[in-house]
């Protein structure tokens, strides 16, 4: 596939709520992609109006129409991929429909509301060979990518233990949002929404996955039907131990997610609260604090495209999200790119959550996790 | 003036070097403005090619042609303002030319290379009444604006002392860049380039200005013709004491600028290294750490438009820069906006530097600073 | 009991290794107690020499002789209490012997190597009514005490979740120390040595205890017989969830222990790495950072004796340890004192570890924890 | 001189106010020195009672008597040195008297209230060859000593610039303390009390001194007779630039003193607010954060005696102060010791303040600083 000019992006959902605007900023940030087609709201009329108001080239009544009609346009006019920013339960049908119509997909997480759907998406991607990115936004940060480089280069030796965390506070009180409605959000609230982010840190940074888990899911807020607290302990594929702690009741917390990777010869730490640094602890040595900045030579060449500014000019969430869209673009243009979370990783998150739900039902018993390998992760090049 | 659709932005310079790309990202970030016209390089042919490559609607051989031709286009097609991202010595002619052709200006700092030129620009702006923003980027951060709110609301009482700092390290060794060439950069290197940023913190956050200064400018790097270290001590318009410390030889430092405002009842601190928080110290009390996030009620309504994300989703330099372009846009659309650094503030920076240069020549003697009032700063509403 | 002049302190162990010197500094720090009697080494001759060299008034061949002979001295000459700084497996006999001879005890943790011995000590203390402090040093920090005040005053509402952690790195490689020898250290290495500290944070700060646990203990270092990694998840007495994470293989870590207490209306955080502050997070509010300093009015009067310096004069580990000896002294002098960890809390740590060991053997199954109430903890006054 | 048993310490002043207790804790901390003789209060009767209450072996009516009588005691009973903790204006006579009676001196700063007195003390020390320490407490921190090692080893290349700071807030309002009374405190308030600390960082860490200064001293608090704000800019003996910023009106600040040393190849930073780390910035490299801990090999052997605890066990102000008393002890016992601030450094502080006072009177004019060399500083071994 060869694209002349800007990449053409479709968007499903994102016309209300918080997350559409960040994706739009991420898509157009580098001025190499455009907002081509949008089906942005549930109500068809609203959907058309919103696309107009937000300067999309073409508005559609819904994602299905968007895909059907775009597929009839000339190859150099139709969208190249669809960004799925709808609530959880429509990720699956929209993503499937996009793939079936020949469009790549950048899909929000959790990928689907059950493992079977995720596996169906994996099969579709393997069949169509279309680019697919799971929007684990935090893996878009350059320092998380640098952590991956260091771990897989052996800089901290064999991984013994991984601790990941994702405390949030905004759902600590009763709130009427779809994220707490099991019909829309799926069977796990906190686990699905943010536990999957924490778990993906393990997969992305170390290339390891959970093989068995023991978990406890709790609902603290009155009348809440889904878990708002999630604690899991896992054994990883190399025998290492991991903890995955997520909480929506850590009142006053923002998105303070992060990880600590403990190897035989060093420990790496990263946190979203200080996302522009990466800390390396080694025995008997000073702490090494790696800072963001395109001029630092500790970033290998293949990470440089994911940094936009010289050091001291803070980047942030929009840039991290833009790095995922950049990966879509690179694949569509046939350009090289770094390791990214794909459909397998979206599916692996669902496999992990399903095992945790079962462990929780069985009083914390140890439960095996269905394997979903991303060959790109485990084979480090 | 009423604009339908996107704001149309011109750019002079920025086709090479670091700063054009951040401005372009800032301009298009919110998808309410477009890159309409560009004269991006010194070489006319390069200029046209670069505009094409960067998806500008129209490319020009140079800024003069851009202004002349755009001025002949229909009102709803021509650019609304010019972003000046050229080296220092061409700020003045390009900005003047833009104003003379009826275009607003967003101009990089230092505004000009001497006070007379700055005063000429002030006169032009007062005559034409066109919007003009001086790109003191760091005043675009929401927490700097919140600091201004708190100081001017009297939250820390009468200001007694202000400390500002801007250490950098990238010029600590010999480098062949225009910033160290007095013909292009003007009579002060470190002072003009980053001392003006530090000084503007005082003006923007407290509404005060220096009335007299004692300064020492030093060149540490061999064969460097301009100061690469700048230390000034000032008396402010209310009798407060201030220090303005800037350095290009703080090797290993990034853009670690910031300020401390010491009032009679409280002290406020902010640093670019942790730009998403603002710290308030009061006697006998816990430290109060204000965090960025659109949901926090300590942001007054009029600051909310300058925040783009919920708390915990880090914003950064691009967003700060975009806030300056947003102010241009708000003025052009006739919408309300917050206090911003205008042409007076660009000029005040030059007045400050000229006084410091004179003090330095006279062995640190106390020298009066020419007053350039921004009525919008001193009259807090 | 009324003591004229300095309190007279005995010490068992501490003549070699690291921990004797800190205890001695803690005992004499405020010049209200003296080093009266010492049985400081395993070898009797060494023991006598060491007492002489370290300026103890009287040296003894071993703890048994010390207790026996001191008990024959006049009341105003004999020691008032014994500080037990020996390896784990001799805590029990020495502490029992001290109590049986009428001496108070300040004992290092873990209290004993099994729950039965701990319960025997509890019985002895209840029988003799002698003062007994378990040296959970970190509860001696003023900010940990302030956290307790705030939680028990209801400042963060009902406790929903507690996270505690204690990563260390110094045992990440093979080391020949008694701490890794099950014959001396007892049945748990990491759990007993530092997991008990982390668990005590829960008890001390919230007044709650674990009622059931699920745990995984791992030995990472080759040929290590005891766990060097310890992960436990607990249900607390009010239904809250807790995690207790301790590790001796977090290579490069120091004593980075700490806790986060999540209530319904606020979250409190403390870490030994920044032990002089306590952070309170509340929804929609700035973060409140409480700082150490005797002049801050947020310290209630009864905590003031545990602060020694005005703010900005860093205190540390010696002062925290001295606060435990201060509690011994206050009890001996019949003076008021704040809540301290006593023999019940030492015993509760052992009960917790034994339940974790059983859970680990049963693949992480949920195991009840034997209750050991400290009436002073649960009844907040 | 050879001392058997504990070093015998006298104390002049310190019976009321804040600073006596920290010195006493520092003296006895390691149990190698004792509180032998005290003249602790201005009132003779109070003085005797206080010595009794605080367990001094011998109490005296005043320092003069103490020195006179102690000088008559046998060599192995009399005090070895006097700790002077009185208000500023009596430092000189008491220190002189101690030296004249053959006793070493550890004296609080500022050394005297004028340079002539300081020079007289220097002469006395040179004549008697008695040990003399100026209690610049912050130079007692191990990380400050490590900074000195690194600078003098050339780890950051030639020093170009030094920034030192000491903001405090406790005198931001009117307070009735001797520190604001020129009859007792001397001619400079803020400068003498804490500006001297900041200045000593330059001398101690770099071995350089100010050769000329430009300064502004301000009194902000109503009716205050002495400066409560102090800003100085200096040229150092190698041509480097320095700023010395001290303030007693930085309301809400604690003792947030610190320094940044900018060399040609690296920058070092240290702050009392995080006194257990030292940060090294080098171009193109990760930041190196050195941590306190006796096991770290980056501490040279001769610094090891100034560390008391393994890493992760926070030390603090008492330990820093104790390091100064340790130097007195080492000299008295004829043992090796590290570089310490002596009488020359106390005198150099006074020379610096006098030059600043003159510069301030002359509107910030550049004034030469009388040289007071400490041969131990400038000749690094």
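In order of appearance the chains are A, B, C and D, and numbering begins at 1 in each one.
FYI, a residue touches a chain if its C-beta (ideal position, glycine included) is under 8 Å from a C-beta of that chain, and two chains touch if they have at least 3 such contacts.
This is a predicted model, so every value here is computed, not measured.
Compared with chain A, the chain whose C-alpha mean position is the greatest distance off is D.
A count of C-beta contacts for the chain pairs A-D and A-B puts A-B on top. Two copies of one chain, chain C and chain D, form a contact in which over half of the residue numbers belong to both partners. With centres taken as mean Cα positions, chain D sits 43 Å from chain B. Spacing of chain A relative to chain B, judged by their CA centroids, is 36 angstrom.
Rounded to a whole number, the gap between the C-alpha centres of chain A and chain D is 55 angstrom.
For chain D, the set of residues that touch two or more other chains comprises 170, 253, 280, 285, 287, 291, 295.
Residue ranges on chain C touching chain A, taken from their complex, read 160-161, 163, 167, 169, 172-173, 214, 216, 218, 220, 229, 231, 233, 241, 243, 245, 247, 249-253, 260, 262-267, 280-283, 285, 287, 363-366.
Residue ranges on chain B touching chain C, taken from their complex, read 280, 284-291, 295-298.
Partner chain C is touched in their complex by these residues of chain D: 5-6, 18, 21-22, 24-25, 28-32, 35, 54-55, 168, 170, 253-256, 272-273, 275, 291, 293, 295, 308-319.
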